[in-house]
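Multiple structures follow.
Both complexes shown next keep chain A, but they swap its partner, so chain B is in the first and chain C is in the second.
Moving on, here comes the complex of A and B:
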């Protein structure tokens, strides 16, 4: 059987101008880009940079909202208090745990769902997509309530449905311990945000040229080989972008914890810690310092992803 | 004055918007409507509008607001705005608004533990002396205490809540308990164990846990805060006292007795009320709402009428025999915002809101007990609340939670250390005390 296909490398490599020179077209494009994005960029700076700088400034003070007269400069004292407190490290560990578990499970599940959406018959494709997307359309607080009600002893059905599983009885108190609480919190998060990851992966799947699949098939590659050697390498950028967005999002987890345990039983996340210092205790200085540390953690994660995994966000433009 | 300039500027913005494009016009329209909404509070020549931020209830406060507006003969109109359900969330919202000098708040329904914080921060307008005298006449002492800070009345007592010991008459009888005499926690645990019934309390990591601990410490003759101070570092705590150790012992005994519900470490007042309506119910400490709750369930057909008939009530259990208990105190006091434009009218309104007539209405329809002792003699109240005399007796013996501007820190630290109740030992007090001291001096997170 002889089919003629283009060599895959030529098809997938973006056509780029030689290094160092910029063509007229791309200069004009760049200018247009700034003009189009400029106003949005200025607004973004106003609404994000200002609060960030303000938080940075407040974090250097001992400042209680109900006692503004006694505001005093504390330097880096707030940071010293936080970083020497076991509570911060516990919150950080819990946050990392939730992030890693949910993102890994979501990636695998999301990939599977994306494959289902991609392969579904065109007649049922809209229905499948809508069904998969529903959890993502649910407000996080509402989803947290739904999961909390399902698992609570007084209102839940989980205990009676799954009583046949070892370790689950009618009296299993899911929110009474750290690990069981974290399990439910992770489940709720996974249910809620897997659709997001699967959407991004679906977009990535669409980018893999069919000719490559055909060529691999012709060469006798199995489904598994095609997946590992053709599909995944060609959509690495999409996977990494999905991972980056979800990791940043997961790291800021708040709603589910607030609704399900209110931070009890060692389920407090870093966001929750910041909320309690700033909003509940009205210690603006200390709370701002926690927020700044949270911000730095998020920046660090983004940096590791972009530099460490060499994500080229421009690759998603699909040039060439 | 600001209204006119706002109108003019929004008008200018709208004109410019129309000249530009659709997006600009839409933005200006949103802006104009926001400004109009802001200006609306001032009223337009008719009676001044008083904004009353209320805690959620069954509509009683809105009805009282209507009644008082009518009774004022046009002097003022009271509008209600609902706060979140949790009292900590109510405080969060009010503190943020008041710290930003939000003039849209005139009246507030305040949970008593947070009153010192509001008063200390200067959020509350001073109560006129003559009014203070009138609104505290015939009011139970625990309610006056709850509205007092630094020796002065800073809020107006409205309604007063207290927890009772609820029991199933059939269970108490079978256990041979004489409920006309004060009973102790130990007696209740033993009786519940013998009868195979539940003893329901609130073990959730929430304010209700502090309510329980405070009642136990006060009943044992101690106090969570022994000596108060405006300076957080000088506050003397009593969590290492023998009374606090005894309280911890009782808490541990109850939590590990095997007679509490399966989800004890997450059980709230509602969980307890549900348990007490069930087949295993024996004893429960809870607020009086449980009675009207059971009656409504009977009306709705979800509960057998024989269940509430079996309900009995007595004073809160004692820690040690022979030493009377100090039941928990709750309820709501009214605060008037210091930045309100209508302080005088707002104080006038509080007098109407807290009248005996309105308190009677509120108690009989919404189930929230009055702070005025005279209300408890009302035949209507006695008919709806057969336990009214017990509630009054309990209110007279009730102890407030520790009064301090740093209440949320004290409460938060207690919740952290005393949860789950099954792990509480007398040493818990030492840890909690050290934590509160470190948090108040800014050396530790909470």
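Moving on, here comes the complex of A and C:
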């Protein structure tokens, strides 16, 4: 399939001090650069690198907060316990399921929303834009409560509204089973995060050169052909960035599950498992090991995306 | 565009507005239901009551809710302020100065942005207990920086790259020092970008639940999302649904106001940082 893209153009670099003229000045600039950016850099490292190293260390111990006297070194024992336990694999599967379902639906829905926003008349555009920002800005916990209350038998309206559908009665307990619980969790996640994707896609759409569209139109390409061969190939970078961020975000799902099911009925995600081990059961050693595994999974996903799909994030962000 | 096509796009726009506002309308409607009305199986209350708002603002749940609201505002504003100041300097250096390590700083920000919060919570939970930061404001402000700093650095660098830097050079030609040029010329130009970044950082801090629920235990520092999570477990009132809905509406008001006032800037900030750069 042939695609139409413009040849890459030279990026204009930010005006840099003329090289090799005054080395004192460039050295001063280098120093000033680190002086200004250093504090932010150090804080970022302190709040993440330090805790994860600490977690790595704790994960090697049998360490229960309520029983600190019996803290003992057990090497990779915690990892063996977790990886041989069905709980971890169940949580991983649930997390992957939620990630794949939400990201795929969000991408398609987000694209549709972006197309409508791109075409929306300037008179209603501010209204649509403000509306779409609301799910993004609403607290995840609030969104989770709204969806949970809508579906719960005791508080909701969904059952009475959709009673005409086969299988739905006034007593349909959405949170009573795994699949229906996951469905509602996915719905809440999709509602909350599709706007973010659609805004990124909208920005990507705006970057597709009009000349290409016009040229394809003149050549008699249909709407679908223009979409698949001109628009999408030209905004691949924007789509990939949106996809990467949402996938990693979805994989870390915690808030909605905590609020809606608290992990009941096989809806526990990896993040929730780590939380439950550490905070609820104060098994610092085991919880830390789950945290490290969660971290490694996220790194792996990012690696697959960046290497596998060849996303140059820096380039996509105009750094190149 | 034909009239017919126009109509379809308008219908599409209306559908988007409905999509975005429907769950919000539902939680607002729920917050006006009396406790006997909660189970009425319908979207709207049979009669509107303010009793849920009374419960959270002056009644039995106010002891849980009001301190949480104060904590949320205080902690989020301080975390936003600190991360904006730090990233303002960092973004200036990244957008303007030529020094090795720029890429390293941006990649680190990216790495921190994708970091699973729960992986940080586990060790912090233990560490904060040992050093006495558990259940304190700084105990939340510090980890919140891991949420707000990366996006602030990215967004602000993107904004700063669009600033006409020749003006800074012009000021320097006129005899201003680098610092003076920065403070007198660049700061006013950069202010809109900084402001937008602050709003986005505030949203992210305001949204936090995982740190809030794990690193606090009392009204001393518990933020609103964590308090909402506890409403359901608390037995101080019989049916927490209406109270939760009312509290959810109250914490949604600030973000809705910010969205309505600054929607154009927020969209620019979100997409500049992520796509254009």
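One rule holds for everything that comes next: the second predicted complex is superposed on the first by the 277 of 320 C-alpha atoms of A that agree within 3 Å, B and C clash if a C-alpha of one lies under 4 Å from a C-alpha of the other, contacts with A are read in each partner's own complex, and residues count from 1 in each chain.
Assume a contact is a pair of C-beta atoms (placed from the backbone, for glycine too) under 8 Å apart; a residue touches a chain by one contact, two chains touch by 3 or more.
The model shown is predicted, which means the values in this text are computed figures rather than measured ones.
Student: In the superposed arrangement, which partner chain does A:305 touch: chain B (first), chain C (second), both, or neither?
Tutor: After superposition on chain A, A:305 lies in contact with neither partner.
Student: A:255 in the overlay: touching chain B, chain C, both, or neither? Say first, second, both or neither.
Tutor: The second partner, chain C, only.
Student: In the superposed arrangement, does A:241 touch chain B (first), chain C (second), both or neither?
Tutor: second
Student: Determine, under the contact definition given at the top, whether A:79 touches first (chain B), second (chain C), both, or neither.
Tutor: In the superposition, A:79 contacts neither chain B nor chain C.
Student: Contacts for A:279 in the overlay, against chain B (first) and chain C (second): which applies, first, second, both or neither?
Tutor: Touch status of A:279: both partners.
Student: Pick one for A:65: touches chain B only (first), chain C only (second), both, or neither.
Tutor: In the superposed model, A:65 contacts both chain B and chain C.
Student: By residue count, which of the two partners contacts chain A more extensively, chain B or chain C?
Tutor: For chain A, the partner with the higher number of touched residues is C.
Student: Touch test for A:43: chain B only (first), chain C only (second), both, or neither?
Tutor: second
Student: Kindly classify A:151 by the partners it touches after superposition: chain B alone (first), chain C alone (second), both, or neither?
Tutor: After superposing on A, A:151 lies clear of both chain B and chain C.
Student: Contact-wise, after the overlay, does A:126 reach chain B, chain C, both or neither (first, second, both, neither)?
Tutor: It touches chain C, and chain B stays clear.
Student: Please report the chain A residues shared by its interface with chain B and its interface with chain C.
Tutor: Shared contact residues on chain A (touching chain B in one complex, chain C in the other): 65, 154, 279, 290.
Student: Under the touch definition given earlier, write down the residues of chain C that touch chain A in their complex.
Tutor: 6, 9-10, 12-13, 15-17, 19-21, 23-24, 26-27, 30, 38-39, 41-43, 86-87, 89-90, 92-112, 114-127, 129, 142-143, 145-146, 149-150, 153-154, 158, 161, 165-166, 169, 178, 203, 206-207, 209-210, 213-214, 224-225, 228-229, 232, 241, 244-245, 248, 251-252, 255-256, 258-260, 263-264, 266-267, 270-271, 273-277
Student: For a test of understanding, state which residues of chain B touch chain A in their complex under the given definition.
Tutor: Touch residues, chain B against chain A: 88, 92, 95-96, 99, 117, 120-121, 123, 204-206, 261-263, 265-266, 270-271, 274, 405, 408-409, 412, 419-420, 442-446.
Student: Which bits of chain A are touching chain B when the two form their complex?
Tutor: 62, 65-68, 77, 81-82, 85, 87-88, 152-154, 171, 173, 175-176, 261-265, 273, 276-277, 279-282, 286, 290
Student: Over in the complex, which chain A residues touch chain C? Could you list them?
Tutor: Per the stated touch rule, the residues are 14-17, 26, 29-30, 32-34, 36-37, 39-41, 43-45, 47-48, 51-52, 54-55, 58, 65, 113, 116-117, 119-121, 124, 126-143, 145-147, 149-150, 154-157, 159-161, 170, 191, 195-196, 199-200, 202-204, 207, 237-238, 241-242, 245, 248, 251-252, 254-255, 258-259, 271, 274-275, 278-279, 284, 287-288, 290-292, 294-295, 298, 302, 313-314, 316-319.
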